[in-house]
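Some structures are shown below for you to check.
Look at the two complexes coming up: chain A is in both, with chain B in one and chain C in the other.
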Partner chain A sequence: MGVKTSHYYWLVAPAALMVAIFFLYPLAFSLYSAVSAESGQFTLAHLEKIFELYSTDILFTLIIVLSSVVILAVLSISIAALITLSPFRSVVTLLGFLYRLPLFIPFIVTAQMMRTFLAKNGLMNNAFIASGLMTPMDTVSFLGWSGIIITFVWKQLAFTTLLISGAMAALDESQIRAARNLGASRVRILINIILPQVAPTIGVSLVLSTVTMMSVLSVPLMIGTGTPTMISADMAFRVNSYGDYSVANALGLVSYVLCAGLAWFYLRQSLEDKGVRS
Partner chain B sequence: MFTKTKIAVIATIGLAQFSAVAQAETVLNVATAGSQNMVDYVKTYLAPKFEAMHPDVKIKVVGTGPGDAGSHKIFEKLSAQKDSNQENWDIDVAVVHQKVGGEMVNEGLLANYRNDISTGALVTRDSAKNALGTNVEGYVMPMFHSQTAIAYNSAFVKNPPKSYDELVTWTQKHPKAFGYNGIKNGMSGVSFVTGWIYAYGSDANTLSSQSYDSQKKNEWNQAFTDLKAFNQNVTFTPGNAGTLDMLNRGEIFMGPVWVDMFYSWKDQGKIPPTMKLALIGPGMPGQPMYYVTPSKAAHPQLAREFITLATSPEVQAEGIVKRFNWYPGIDADNVKSKLDKASWEKLFAEITPSDLAKYGKSFPIAEYFDDIKEGYERKVSN
Partner chain C sequence: MKQINNLKPHQRLLSGGRLPFQLSFWGQMGFILIFALVLFGPIMNLMIWTVTEVWYFPNALPSQWGFKYWQQVFNPYSDVSGSLITSLIIALLTVVVCLLVSVPAGYALSKHSMPWRVFWMLLFLIPQAFPNLTVYMNIARLFYEFNLNGTLFGVVIVHSVHGLMFSVWISVAAFSSTDPMLERASRNLGAGPIYTFFHIVLPQAAPGLIASSIFVFLESLDEFTGTFFVGAPDISTLPLLLYTASMEGNYQIASITALILLVPSIFFMLVIHKFMSPEVLSKLGK
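Now for the complex of A and B:
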């Protein structure tokens, strides 16, 4: 009472200032650098160059990220559903513990782990050979695109499952009970009652995972082999090898656009869900 | 109100004490680019030696990361301090790659110190004067020289190729048994590709010592087309260490590696003893790492003393050659007398000094180097 609203702006100021200095300014600067020549004139040369050199890599990144997201969605929804609906509580407790593990392992450690696990003569294939399921001649290396997808899914699974199972747990249980009383199967309960209500959370978790995967450098560098590679590896290469920030920023622009597209799609969905119409 | 004042007073006293402690000894800041083994070398070998000689000096070692990127960070930091007109820059000694060393001299970031130190006369090789086309005479002292070569498993490969031509034939007979890491995952692959251009594009001498001709890259089209075909028969590895990993697991039988990394891994038993090296013709590139000191280092005298110690024949023999398996930075003749015969022979057992002289090339000058990498991106991997 008696405090003017303008005072509240002061409360927001430190956070807003941090965002402006450490996020908005570098963002604006990198966008500017992506479309300007050294003399400061507007140019599309950098963008032309990335489409000439890296169009396959951009496509590759999209395919990798999208397929990871699809697998991620299927797996994390199944695990979350199991946790919410399974009658076997001990299994649920174990699962609840196991799925959280990757949450605490950094990407670079995951990548190093997968590098020894997925290699042609790595831990996984050696285990198959030792158990007699395979001969050394049949082994294939998963280092490459498949390895990148496996690593992304393994690492992000914990995060998405955590969010989705949290949302499922927060649902009003009386609805599930009511449906059960009317004879609905578990699968039906999942599809008709739970999923529609947690869809926004699934959206959030998948969009956030996409953005994370787009930004990870260690995984494509350590597990990817040669070409094509992901945009993040190309950006690092442009900077480290040529000292060429403009083309790296142009690549950054492409990944902003990809992420912004997703964010737009998601925001529109969630606003519509809330009944806001433009 | 009183509490606030008290807190302020206590904080001030605390800070004053802290800075008093910090001033009690001089801190010499050493920044080193390169892989972890280089940071280890400075931190565990050089720094204790220097601190023993100067009890009042504390050495702070910072590793800035592998590859040219690590050197670039040092470059950017010094350049920022120069642009903001700082009196003293906070790096006293830096270890940088050849390419960035040249750029730093061009930007006027480095001190011309070689004539000030007693070991300055012990190095005569070309790479101490010319860094990929830039005249760096006086500004740099080579720390060590590293070289790329082809590693192979002698248990399976009886007659290793002696040239790029023979390697191409070998990969046709043994598809996927040769592996390298492309150009985006580490320098050993970049080096292999550079060697390819030396063999089938323009020779090493033209590209590493003559002035830049932007038309030159048009002569390499066939070389890149051939490399693309060659790539069909090879396995791609995930990095410098990745190539050694795959050699170790028997997933590939041959691949380009850094000689020093190879020897270190062999010493530690991380690759089988049957692994051997071959430096193939017409040659593969290698590069020195440079000791440099910024022109506005806070402790210029100590920095010079540090570099003198680091480039003395004793330290080069014991540290660089014996412990870390690098080729010495100062002229080998000055080091040989300080070493036992076994260590000396181990270093040159697989690549003889004459092979090294014949096939050990420099990297090309910066512009050609960029042309090679971009040509690869455009014509081979695209």
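Now for the complex of A and C:
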């Protein structure tokens, strides 16, 4: 239409430059800074230092992220399956409305909610006391590792369920109907017919959730009190208190590796699945 | 066939015939009840804190209720009003920056003749594929050298890069849904490319561009990590104020700020729902 394709480059250039300068460059710089000394030479000193100082925190982060991912997978698959397979219209409508609720609630607001809700005198413990399940002296604060997991799951569940139930809704309905007519139970339909087909979506939603969990600073700062803490909080501390970018970047490298590890696990799994099928 | 299917659950037993129909209904309803309690519990707690004046352990509920802190928050000289204005300015500027760069990019990428189209699309996904905490840290270091730390401009840049993925991808979808024949007709009738773009193409893509702007606005309003590294302590947005108030144990101010942040989120969710409904989307191309 009169516009040469070379002109399109000029149209994309500003946006691409912004990503390159303000994302790719700092990203590359963080990798470089993690493994080089001040003179620019390659060194593993920063990595050694973080394993010396922060190995508990790295383990702690790994456990938190993995448990959150597992709980997210179980819950979001169950909710999406209920929405897809439940014979009760009221259940489907109610669940469809409820699960989306946290989708647009900001992480920082979620963190503040949980900070009050999970505390020793929070509404959760108070509700248990009021219902007679506990006495005020038995209450414990959930602020800590369990609180971080609860907060991540509470917030991310909407996102993963949205993606997974979307994938389930897009499936060919005739397969499910055929299986039902042949007498398969709903649980069997879920495991043998639905799950294998939505597995890629489950993988993508969980990998994206992991990246989000590693990026969110407000939750570990506001919910995780004391030590051990997540490495994201350590990174902020290292930069704000010491101005020590090398060690912070080395921790950043660990967070990339954590996410990449999960992505790799997912890719390998999906490749194996393809290998089996073909 | 359909009828049999509709009848079946009422006659049959569910989940492999183990649970009777009635029981499974109440089982699922029980699950929903627990789910609803878990979802609304924290929100309720936040609401209670906004109207609490005195609340000591082990009282189950506040011993004194009132709107004392609301007056404090909405005092024109309070930190909250200042942060609210800063947040809104930053969010609006971020929307402007994102629109300026993503409208041309979205238009170009909606053309399938664009060389390396997939590569460009993936490029804009990258900010979502890496944990961005480390990146923000290093941007802050970079900005420090150029005296951009603690400036409005620096924060807007960080928010824009974060919002770019939404704005570019939604813009591509919006421009893809426009009718290429109208564009061609306009050019054949002698209109220039720029006139055609602003009078024929852009109005057709407007609903999608508005939706993308809403996303960018919300993301900017709620952004914490980037502002924490690049803006603090000179620039105070609502999330930063919430964080400081909460860490100081000032839960009332923190909860009211959180509630202020929730209002646009819920409002825009309803608007986006309207824009993104299948009926509206199906009309887009017509």
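The rule we apply is simple: the second predicted complex is superposed on the first by the 247 of 278 C-alpha atoms of A that agree within 3 Å, B and C clash if a C-alpha of one lies under 4 Å from a C-alpha of the other, contacts with A are read in each partner's own complex, and residues count from 1 in each chain.
Here is the rule we use: a contact is a pair of C-beta atoms (placed from the backbone, for glycine too) under 8 Å apart; a residue touches a chain by one contact, two chains touch by 3 or more.
Please read these numbers as outputs of a predicted model, since none were measured by experiment.
> Looking at the overlay on chain A, is there a clash between chain B and chain C, or do the two fit?
clash
> In the superposed arrangement, which partner chain does A:I71 touch: chain B (first), chain C (second), both, or neither?
neither
> Tell me which partner A:M134 touches in the superposition: chain B (first), chain C (second), both or neither.
After superposing on A, A:M134 lies clear of both chain B and chain C.
> Can A:F237 be said to touch chain B (first), chain C (second), both, or neither?
The answer is first: A:F237 touches chain B but not chain C.
> Which of the two partners, first being chain B and second being chain C, lies in contact with A:V35: first, second, both, or neither?
In the superposed model, A:V35 contacts neither chain B nor chain C.
> Going by the contact rule stated at the top, is it chain B or chain C that touches a larger number of residues on chain A?
More residues of chain A are touched by C.
> Where does A:V204 make contact in the superposed view: on chain B (first), on chain C (second), on both, or on neither?
It touches nothing on chain B or chain C.
> Taking the superposition as given, does A:K120 touch the first partner, chain B, the second, chain C, both, or neither?
In the superposition, A:K120 contacts both chain B and chain C.
> In the superposed arrangement, which partner chain does A:T227 touch: chain B (first), chain C (second), both, or neither?
first
> Classify the contacts of A:P87 with the two partner chains as first (chain B alone), second (chain C alone), both, or neither.
Only chain C; A:P87 stays clear of chain B.
> Of the listed stretches 145-153, 163-171, 199-207 or 271-279, mark the one in chain C with C-alpha atoms clashing against chain B.
145-153
> Please report the chain A residues shared by its interface with chain B and its interface with chain C.
Overlap of chain B and chain C footprints on chain A: residues 115, 120-122, 221-222, 236, 239.
> What part of chain B is in contact with chain A in the complex they form?
Residues 67-69, 72, 181-185, 190, 235-239, 242, 245-246, 249-251, 370, 373-374, 377-378, 381-382 of chain B touch chain A in their complex.
> In the complex of these two chains, what residues of chain C are touching chain A?
Listed in rising order, the residues are 1, 4-5, 8-9, 14-17, 25, 28-29, 31-32, 35-36, 38-39, 41-46, 48-49, 55-61, 100-102, 104-105, 107-109, 111, 113-115, 120, 123-124, 126-142, 157-158, 160-161, 164, 168, 180, 183-184, 187, 193, 218, 221-222, 224-225, 228-229, 239, 242-243, 246-247, 251, 254-255, 258, 261-262, 265-266, 268-269.
> Spell out the residues on chain A that touch chain B in their complex, using ranges where they run on.
52-53, 56, 115, 119-122, 141, 143-144, 221-229, 233-234, 236-237, 239-243
> Looking at the complex, which residues from chain A come into contact with chain C?
1-3, 5, 8-12, 14-16, 18-19, 22-27, 29-30, 33, 79, 82, 86-88, 91, 94-95, 98-99, 101-117, 120-124, 126-127, 129-130, 136, 154, 177, 180-181, 185-188, 208, 211, 214-218, 221-222, 232, 235-236, 239, 245, 248-249, 251-253, 255-256, 259
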